[in-house]
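In what follows, chain A forms one complex with chain B and a second complex with chain C.
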Partner chain A sequence: MYNGGKIIIGLIIFVGLIALPFVFSGKGASAKPEPKLDTPEILKLPETERKCVESKEYMKREHMKLLNEWRDWVVRDGLTIYTSSSGKQYTMSLQNTCMKCHSNKTKFCDECHNYTAVKPYCWDCHIKPKEKEL
Partner chain B sequence: MDRREFIKIAGISSIFGLGGLTAFGTLKGKLEASQTGPSQNPQALKAKRWALVIDTTKFKTEEDFKRCIDACHKAHNVPHITDNIKHEIKWMWTDTYEHVFPGVEDEYLAEKVKEMPMLVLCNHCDNPACVRVCPTKATFKRKSDGIVMMDMHRCIGCRFCMAACPYGARSFNYKDPRPYMKEEDMNPEFPTRMKGVVEKCTFCYERLAKGLMPACVEASNGALIFGDLEDPNSEVRKILSERHSYRRRPELGTRPSVYYLF
Partner chain C sequence: MGIIFSFFAVIALIVIVFIGVQGANLHYLFGVVIPYAAFFIFLLGVIYRVLQWGRIPVPFRIPTTAGQQKSHPWIKTNPIDNPFTATGVFIRMAFEVLLFRSLFRNTKAELRDGPILSYGSTKWLWLGGLAFHYTFLIILTRHLRFFFEPIPGVIKIIESLDGFFQVGAPVLYLTDLIFIAAVTFLFLRRVVIPQVRYISLAQDYFPLFLIFSIGLTGVLMRYFLKTDVVGIKELTMGLVTFKPVVPKDINIIFYIHLFLVSTLFIYFPMSKLMHMAGVFLSPTRNLANNNRAEMHVNPWNYPVKVHTYEEYENDFRDKMKAAGLPVEKE
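Moving on, here comes the complex of A and B:
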């Protein structure tokens, strides 16, 4: 091989450059998001009442649709009470219902939203809860 | 059974069948509605058309106005922007008599009326010009109670509504309003707005839904009267039938729901 040494060094530099983004983004981008449910508000509740308005699976999949429906019902139709499939009633409000339990926006909302690179504009207007150190 | 009889029976039974289906459908719908989904708070204050009566004779000092305005602006996180008057956000404010009632000013008008500030806010018109021009239906008149509402999620900031409103009741957020609010003064139960949306008074829809009177009415010590304009027994109707009142610029046909008593 002519100029073998130079070619090999060039190849190593090339591979190194290509791999740079993977090295720098590191674990952060691929780490599985783990939204935390251990806010003081949730921990205060008795074990049996630590439930969201709907089942965990439903909320994981459909919370964005639910929030959109809540928004339209409250703002446009003037309906403020939501009866969940378990029959319990809740006031439909992001700031006053959802975030009263999930008072850890950075560890709960942002955890998945950052992972999936979605940027909902909720917090441009709605006031974030004050996060307490655990 | 002859053919005639068969057709009769078939016809009657199909009518019953169809009727039964629709009855079943509505029943099912009602049952489902009562089980899950949205409903109105039973404590909510209800009206066919909300109206506000402003008794101008009861506003005597600057403090009387300030109390109402501050209550409103605090409840709704309205920023206090003073560095550029064009960027000001107002839900409730005061103006001079000749600005509030243009065309009826007179050089021989009682001095005290001429110089008296008037409390102004969105008129929640029965025929709102702003709603007609909104391209996204971000501003709309609620069918249930006549409140002219804003849906901030839909507002694209085109400002047609501001051009249409003859009362100047709307403010545009030229900048992010958050830096103009102190965190400790904010009402954590109500959102703020963002840069690029139009805002105005909403007759405290969020308080009415909880069974509370609007913040300004509560703070006014009886100078503001709030009630159902379409209920002949309501307090507003009683006071309107007893005393002479004005609405702002009635010639425009917007039919405001805010009345002024003198």
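Moving on, here comes the complex of A and C:
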């Protein structure tokens, strides 16, 4: 080995950087987000009526796109009624439609958003819902 | 030839995932086993290559410099481009590693109006390379959000800066755009410039295609096809805590992305991508130019058997005297 000391130091830095996620994966490493659907508004509904504007799978994947489109349609195009794929009509409003059922922002939105470091800018303009238990 | 081979090699990799995950349901193999294998091949491979390089002696300082060497006190020296001290070397290395200074000096030669050969400065490779490497670094750092819980603030800051313009949802990352553009440029450069195309081989095209498809699958996954991000993080957190889990319902696009990344990790130590470590070991960059000031002994010098004049005279003194030749000792 020539200049062994320096090369070994370099390799140690390399291995150290690579090992960071393994060593410091964090205390929440095994935590799993569990968005809660037990708001009073949802519980009031009969079991069969507990449906979002679109299917659960669709909402899970596409809710951000949907909300973005709603914003554009309402704010820019002046449209206010959304017709879902099942033909049902909803008022396009984050605060009055979405948050009416999902009034638990911290236990519903933030649960997954925090887990994946997503910081939507909804609440830059909208007023956060007041939650009783924090 | 190389270009076609590389293209179909990457296509084949994608087809393998389709067959393996979609067809044979080998989620555990593609989600856990191959990523682990790739990671350890990468880690051990890089260490092995660096240690192999470390065993090669550099007997002499190789001063390929662009500045005046340190000599007499009245001659102005260039302490960074032609460093004499370790500090100078450190600064030159920092310029090289962080700003790609050698590429900045890139020139092009072209024949103009008949037999007039002209040289010019060309910064496109430097710019493209810089854009490519730095966006790659930012993208890699951003991905660390999948490997820490809670997520360190630095990663969140990088992410929010990257999505600064808040275009669409999920927010468009600037680095994604620049990255794809830079890889495309680096590829087109190889194809369009005849001299570069002439010296380009499969090993040049393959990493470009591979990295491009990694970028493309990532972009598709984030902006278009979408998949269960929470599930992905459960998988990655399982990997770093050595308690692997494979959540259901993760779209095939994620497995393609992951497999291509794994391929890159496996390919890394055995390819030109090792310049990541190699740049630190460039003898023309990391050695101070002190050839004239210091003695550098060639490490493979063996003891040479010498026969001095004194010994010679001792051997033949009588004969020299008899022949009337002058001797130093009587």
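Here are a few things to note about the model shown:
Methods note: the second predicted complex is superposed on the first by the 102 of 134 C-alpha atoms of A that agree within 3 Å, B and C clash if a C-alpha of one lies under 4 Å from a C-alpha of the other, contacts with A are read in each partner's own complex, and residues count from 1 in each chain.
Everything that follows uses one rule, which is that contacts are C-beta pairs under 8 Å (C-beta built on N, C-alpha and C of every residue); 3 or more make two chains touch, one makes a residue touch a chain.
Quantities reported herein were computed from a predicted structural model and do not represent experimental measurements.
After overlaying the two complexes on the shared chain, residue contacts for A:Gly87 are found with chain B alone; chain C is out of touch. When both complexes are overlaid on chain A, the residue A:Lys119 reaches chain C alone and has no touch with chain B. Of the two partner chains placed by the overlay, neither chain B nor chain C lies in contact with A:Thr48.
In the superposed model, A:Ile7 makes contact with chain C only, not with chain B.
Note on chain A: of its two partners chain C and chain B, the one contacting more of its residues is C. Taken together, the two structures place residues 121 of chain A in contact with chain B in one case and with chain C in the other.
Listed in rising order, the residues of chain B touching chain A in the complex are 35-41, 44, 77, 140, 142, 144-145, 149, 151-153, 186, 188-194, 205, 209-210.
Within the complex formed with chain A, the residues of chain C that make contact are 43, 46-47, 50-51, 53-58, 144-151, 155-156, 159-160, 166, 168-170, 226-230, 233-234, 237, 240-243, 277, 280-281, 299. Those residues of chain A that touch chain C in the shared complex are 1-4, 7, 10-11, 14-15, 18, 21-22, 24-33, 60-62, 64-65, 67-68, 112, 115-121. Put simply, chain A touches chain B in their complex at residues 69-71, 73-85, 87, 91-92, 95-96, 121, 124-127, 129.
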